[in-house]
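Naming follows writing order (A, B, C, D and E), and every chain is counted from residue 1.
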Amino acid sequence: MSTTVDEMSRRTGAMSSAELSGERESRATVGDVTVANPRMVCRDVDVWYGAKQAIKGVSLDIGKNEVVSMIGPSGCGKSTFLRCLNRMNDTIDGCRVTGSIQLDGQDIYDKGLDPVPLRAQVGMVFQKPNPFPKSIYENVAYGARIHGLTNNKAELDELVSASLQKAGLWNEVKDRLDQPGTGLSGGQQQRLCIARTIAVSPEVILMDEPCSALDPIATAIIEELIDELRANYSIAIVTHSMQQAARVSQRTAYFHLGDLIEVGETNQIFTNPKHRLTEDYITGRFG
Amino acid sequence: MNPSTLLIVLLGLMAFAYHFGRKRAISAAGGVARLNTLHSLPAYYGLYAALWAGIPALLLMGLWVGFQNEILITIVKSELPPEILDGMSSGQIGLIVNDIKNLASGTIVSGVVTPEMQAAADRYTQLDQIARWAMWLAVLAVAVAGMGYAWAKTKPTMRARNRVETIFMVILVIFSSIAILTTLGIILSVLFESLLFFKSVSPLEFFFGTLWSPQTALRADQVGASGAFGAVPLFTGTLMVSAIAMLVAVPIGLMSAIYLSEYAPRRVRSYAKPTLEVLAGVPTVVYGFFAALTVAPVIRELGISLGLDVASESALAAGLVMGIMIIPFVSSLSEDVINAVPQAMRDGSYALGATQSETIRRVIIPAALPGIVGGILLAVSRAIGETMIVVMAAGLAANLTANPLDSVTTVTVQIVTLLTGDQEFDSPKTMAAFALGLTLFVVTLTLNVIALQIVRKYREQYE
Amino acid sequence: MNNARAAGAPPQRTIDIVNASLKRRYAKERRFRLLGLGAVVLGLLFVALLFADIVGKGYTAFQQTYIQLPVTFDASVIDPEGALDPETLRRANYAALIRKAQREVFPEVTARRDTRALGSMISVGASSHLRDMVLADPDLIGTTKEVWLLADDDIDMLVKGHIDRTLPESERRVKDQTLGWVERLESEGRIEKRFNTIFFTHGTSREPELAGIAGALMGSFYTLALTLLFSFPIGVGAALYLEEFAPKNRWTDLIEVNINNLAAVPSIVFGLLGLAVFIGIFGVPRSTPLIAALVLSLMTLPTIIIASRAALKSVPPSIREAALGVGASPLQTQLHHVLPLAMPGMLTGTIIGMAQALGETAPLLMIGMIAFIVDIPSGFTSPSTVLPVQIFLWADSPERAFVERTSAAIMVLLAFLILMNLTAVLLRRRFERRW
Amino acid sequence: RDSVWIAGSSTVFPFSTAVAETFGRESSFPTPKVESLGTGGGFKLFCSGVGVDKSDISNASRAIKLSEFEQCRENGVTEITEVKIGYDGIAIANAKSGPVIDLTLGELWQALAKDVPNDAGELVPNPYKKWSEINKDLPDVAIEVLGPPPTSGTRDAFVELAMEGGCDSFDSIKALKKTDKDKHKAVCHGIREDGAFVEAGENDNLIVQKLVANPNALGIFGYSFLDQNADKVQGAKIDGVEPTFETIADGSYPVSRSIYFYVKNAHVGTIPGIQEYVAEFTNDKAWGPEGYLADKGLIPLPDDMRASVAEQAQALTPMEAPAK
Amino acid sequence: MSTTVDEMSRRTGAMSSAELSGERESRATVGDVTVANPRMVCRDVDVWYGAKQAIKGVSLDIGKNEVVSMIGPSGCGKSTFLRCLNRMNDTIDGCRVTGSIQLDGQDIYDKGLDPVPLRAQVGMVFQKPNPFPKSIYENVAYGARIHGLTNNKAELDELVSASLQKAGLWNEVKDRLDQPGTGLSGGQQQRLCIARTIAVSPEVILMDEPCSALDPIATAIIEELIDELRANYSIAIVTHSMQQAARVSQRTAYFHLGDLIEVGETNQIFTNPKHRLTEDYITGRFG
């Protein structure tokens, strides 16, 4: 990788080491960041971890009924950006977010805004599966319990099994719902977390590499799920698989070292990228 | 009709309010099927109602119980013939009132019962009855009013969860401030007397003097000549005894924690841990006897057989036994945090070919460090604050020495002996206890600041 | 692959280096493990040693010597008017009955001095025993009955062998004459050791044979119950707030340092504070479980807070993220996920704090708990003393018979402690898990 | 409050509690509450004023001091009845396994004083390491005396009775009393701090046990502990007198002190039971030579004195301000 | 997925629900499980988690200088099998392993065998990145330190930087080696764990989805690394990407519900699978 980055920076001819450490103006994004009917609107979002800037002036909309995929090299800030969208960054000491992020016209970083209903509305699947050290059933039922989504045990059972089915985990766990979620395989944990998230029917779903630990079949189930969810909801998905991005998303955003380099129709990005960095990345010519 | 009955009734009322607030929220939403129109879970509306029913009423009750007596007494006093109370001090009046109360409650009264007194007692009984009823009425009224308020407020859009959580948050803040208030209280109660002390003894002598002999000092002729208020030996003594204690407790405690959480079978662990915890609860008097009568003679014999000069009351004996006492502070607390280190950390280390002890020493202990340091700090604190053992086993001789076989004394021992013995209570001798307390407070504060910095520096957070 | 090795040197396999060093590392491992085992064994040994010491000294206190005498419930002494008025029955001179019974057994003892010595063999509490018998069953009046009467503490010590019968008379508290009587009673089977119920049912007393632990036990119970009630919620709440909700700044640093520091404040200073603030300003009554609990709560709070914060710190952040991510409020996140995971540590802190509170004497010195209180406390505001104070007072008493009672009281305290811890330990085990 | 509240000296505590218990058992009054705070602590509470939340009776192992009396008066406690209840002998003892010791007060003082006169009569820091250096009839062992801390009443009494008595047996020092009173007091009261005198805490049982463990050491504690532990320790003869019940009572044993309690007259008549308690205490059944307090180790006052004290106490005659 | 498994079991015609819960004879593996010059030889390996059997009679060799990839649906037991190979399963309560697993002819489950040098020889990269809560430098240096692989600080520095370079992380972290490894992005953590593993130069390397959180470029670097390592060592890799399996491995093993269904030359497996389950899986016809 050492040569990789070096060569790349030589080619782009614009990146000194100062840039790498984030002391530079943010670059204008290529492509149209807006959509016709946005649910979330982000403008000039900067994120710092302490003194280190991880996201630089990113603006991006997430529309109704669309799947936006975010791609980019590891460490470029995808997770960070995603976590801004439901204020999960609040939990990290020393993490600062500036700029404006709106959900349905409401600034989510507004002082008066309560992040709790926000997060119920904007669900998230994390990059590292993080099941609760509780039973599988309780993992999925938790959200419904706290939000009072169901009125009785039967409804809750129904919800749990439906969510697990949608996440493609039901058959594997239906006999052991009372066993700890932490005793599952990596991919099973990931699907459990997906089931947990969709069980509360959030309207926007943020997925940080939801299929990274999944085999093709499970991946297909999740992709199907995403497609199905899109009918009603908005979805932002971080993925390393360009094939997956191409399959599930309508628009794609390419991040690089904290900058949002290019946004566009997924088709266009993968067939006809406008920025050289994007092109290098998707053609695998990066290094 | 007594307050505890009322308390139970009130708790019942709160339970009712909870139920009723919940129901109300559900019906406000338009039935079970439309619960999603509610802002929060129905249970929060219930809690909201319960808190409204309970908190104001409880506050009122608290105030009432606190002041009822005062008020009744005032009324009774104002109705007494004025000549009875003429020219009496408040203490004397208090005694009269006590008599009246004794009379009213039917217990024995001393002296003769005058008609005035009898009348006052009857009046008191009567007022007391009224007040009790009034309290019931008032408290229940407030509770019902609170419930009514909650009822009126319960609408689907009301942010019940947020409100309930705000109340909880306020309670948590109050809880946290208790620690601060305690400190404040301690400082204030110690500061005043300390200042008085420093008026008569120069701080210079106190902080840098190496002679501690509070008894003989301050007899006009003897200041400087013989004993004095040089606190240095007390601090070195405290330091030595605590250091010895830590030398016992930290290795034993930490190694026990490690062994129990990493090596020992579950069953062994589940018995050994609580057994060790018993050590923390044995009364210090018992340790004192143990140190003075069992450990000290052994050390003495041993020392003599080695040709060493051992005082029969050595710092070593006190320190050793104190170390035993604080083992659980280190072992139990450390064990919990070591146990909490995720298995993935262990796996990562084993997979590189680390032995178990390497994993423990290099990965687990650093990861658990903040908690371990917390436990050790607590243990040190306990060692510094402990008195009985030192009184009984190390004695009271304020020697300035670095020899653990000598006898030393500690700050706490001096505080206790200065405060409890046959002291004249307004002499600088007694005040010295407060000055010692304050100084100890400042010293430990400094140590804690340093400890905090160290922990910050080495803290390693997993994930 | 061993690129770190000096160039030119033949490449060395890691496994060779590992194998070469393995012996040494394993020696270390063994040492380490042995150290751990040694530490645990040592710790347990200390516990065993303390227990053996205490039990060895104290177990004899659970028995008490009784002397059997043929007591005649003489109506002319008990109820001269024959009206069976309870008040008369209560006030009657039962000691006279005992003296008479003794005269019957030892008709040869007549000198005034000797009858006094004879009388002092029976505890002063024996007459109230007779009174209780009569009050319970007035039909006894006029009959003669063999009654087991409580022996005086010196006799008790003698019978239990704590007083050496072979010593010269001058060095013995029980003189030859009394010794002779005791031996005669023993040969007649009139002396017996029975289970010491008085110890468990009575308050303290100046007479060792009448002294019981019930008052102090109840005092400790009330005190500890209140202490737990105050300090557990407050400690956990404060820890929760400071660790999870409070903004992290210099101010909270100050609070943290300050709480750590409170742990190092000598406990007697808390007594001073209680005296000045709770008694002085708020007028809380002295010598009551309430004031003791207030002081002890303040004393144990730092322990609970520090332990709880350490426990909270060790819960991995991903758990919090997971909960927040599905829309749990911060408080819900804490209550549903973080607190249960931190509970073992919090309970440990509580166990240790409570244990400390249970064994603490010094601060109680200041707030009137070092007191002689006979009555068994009936509530949070009735005058009482607590176990460690009772132990302290008994340990300071001259009577030899208090030595075993002191140890027995310690045993009771330890039993109380173990019982208290057991609940917490069971709770703790429910919460414990590794992830 | 319906019960009497007594607080103060730990030395008087055993006697006071014995009376309180009997009083509670035999009268219709509730058992008084007795607190062990030390004489000073007791006076502090006692003198803080009149009222339900102040103690009624203060136990003391020494007479009230002028400063305390004045403090009382300032706080409105003007009438105080002083009741001298008897004597408490202070025993100097060693383990039974050790030699029987026969000391003069002078030798005791020489062993424990900070400065002692040398052959030339000048004061020098105490050079004696062994008893035999003071008097070759005494055992040839290092001087080691376990005694109470400066904060206890026993220590005060020991210093005033034994030490001062001892140093006055040296004429040169006795002379000092006339010329330089303060110096005299300093010399007589100064206890050596080089380890020969060990402050062993307030717990007398502990001192007894330590003596058993260390037969070469001497200990200083109350007579009742000697009485109870006659099989373990033996009292040293002082000036040829053994500490026994009789020698203390008749005053021939030189190291004994008077113990007291003080009654707050203002509380009498409002707190039920005070007078009755005083009556119980000053009854021969309790404090007489045959009384139950004697069993507890109290050395009774001589008969005539007992009668007059009892009379004054039961009449609650207020005391005069103490001298100095 | 419910239909998926049902249909599948209908098709294979041999799986009842009793089978699913693992009460069945293990199936014979299609293909040759042996190799000419094996380093590790596994025969009839069974693994139970408590009463649940996760691996059923699996036999497989891992040869010198070869990369074996293991594929199969999520939860089929790949990680479990991999963890057997260096006895990492020892750390799981209630996990039991039977059968024989040999490294260079030595049974690694032998009573007398010491897992410590075994694990130094058989390194492992875990599915969920688990950096130590230490600095990045210390994470990598850890193995070398405990084994005493270097003689001085300079050598250690050298080793750390070389390992990070090989894992393609050097450029991103070289300025922050003293910062905690836990503050890295998901993909960075994964590469850190790879660097940590290769720093001790194990002879057999077990990789559990080493590239799941990596972008294509980083993936390419790791794949290159694997190829390079193969020259001297043996590698077993679990992957969900059949493309990756095809690119890096010489042989491929297909697992299904705890059974090793088929083993063979990677080429053959992907072009001409012999077992229907394998075929279904790799052609994506699984469901």
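Just so we're on the same page, a contact is a pair of C-beta atoms (placed from the backbone, for glycine too) under 8 Å apart; a residue touches a chain by one contact, two chains touch by 3 or more.
Quantities reported herein were computed from a predicted structural model and do not represent experimental measurements.
Any chain that touches chain A and also touches chain B is listed here: C, E.
The interface carrying the most C-beta pairs in contact is the one between chains B-C.
Nearest to the global CA centroid, when each chain is reduced to the mean of its CA atoms, is chain B.
Inter-chain spacing, taken between the CA centroids of chain D and chain E, is 84 Å. Chain E has its Cα centroid 58 Å from the Cα centroid of chain C. With centres taken as mean Cα positions, chain E sits 27 Å from chain A.
Chain D has its Cα centroid 31 Å from the Cα centroid of chain C. Shared interface positions of chain D, i.e. residues touching 2 or more other chains, are given as 37, 53, 202-203. For chain E, residues that reach two or more other chains under the stated contact definition are 116-117, 120-121, 128, 146-147, 200, 202. Within chain B, residues 161, 289, 342-343, 353, 355, 358, 419-420, 461-463 each touch two or more of the remaining chains.
Of all possible chain pairs, those that touch are A-B, A-C, A-E, B-C, B-D, B-E, C-D, C-E.
Listing the residues of chain B that touch chain C in their complex gives 161, 165, 168-169, 171-173, 175-176, 178-180, 182-183, 185-186, 189-190, 251-256, 258-260, 262-264, 270, 272-286, 289-290, 294, 324, 327-329, 331-333, 335-337, 339-343, 353, 355-358, 360-361, 368, 370-371, 374-375, 377-378, 380-382, 384-388, 411-412, 415-416, 419-420, 434, 437, 440-441, 444-445, 447-449, 451-452, 461-463.
For chain C in complex with chain E, the residues that touch the partner chain are 1-5, 13-15, 17-19, 21-22, 25-26.
Touching chain C in their complex are the following residues of chain E: 114, 116-117, 120-121, 144, 146-150, 155-156, 158-159, 162, 198, 200-203, 229, 232-233.
Touching chain C in their complex are the following residues of chain A: 86, 88, 91, 93, 115-121, 123-124, 126, 128, 130-133, 142-143, 146-147, 182, 193, 196-197, 199-200, 202. Of all residues in chain C, only 116, 120, 124, 128, 163-164, 167, 170-173, 205-207, 279, 283, 286-287, 365, 368, 370-375, 383, 393, 395-400, 403 touch chain D in the complex they form.
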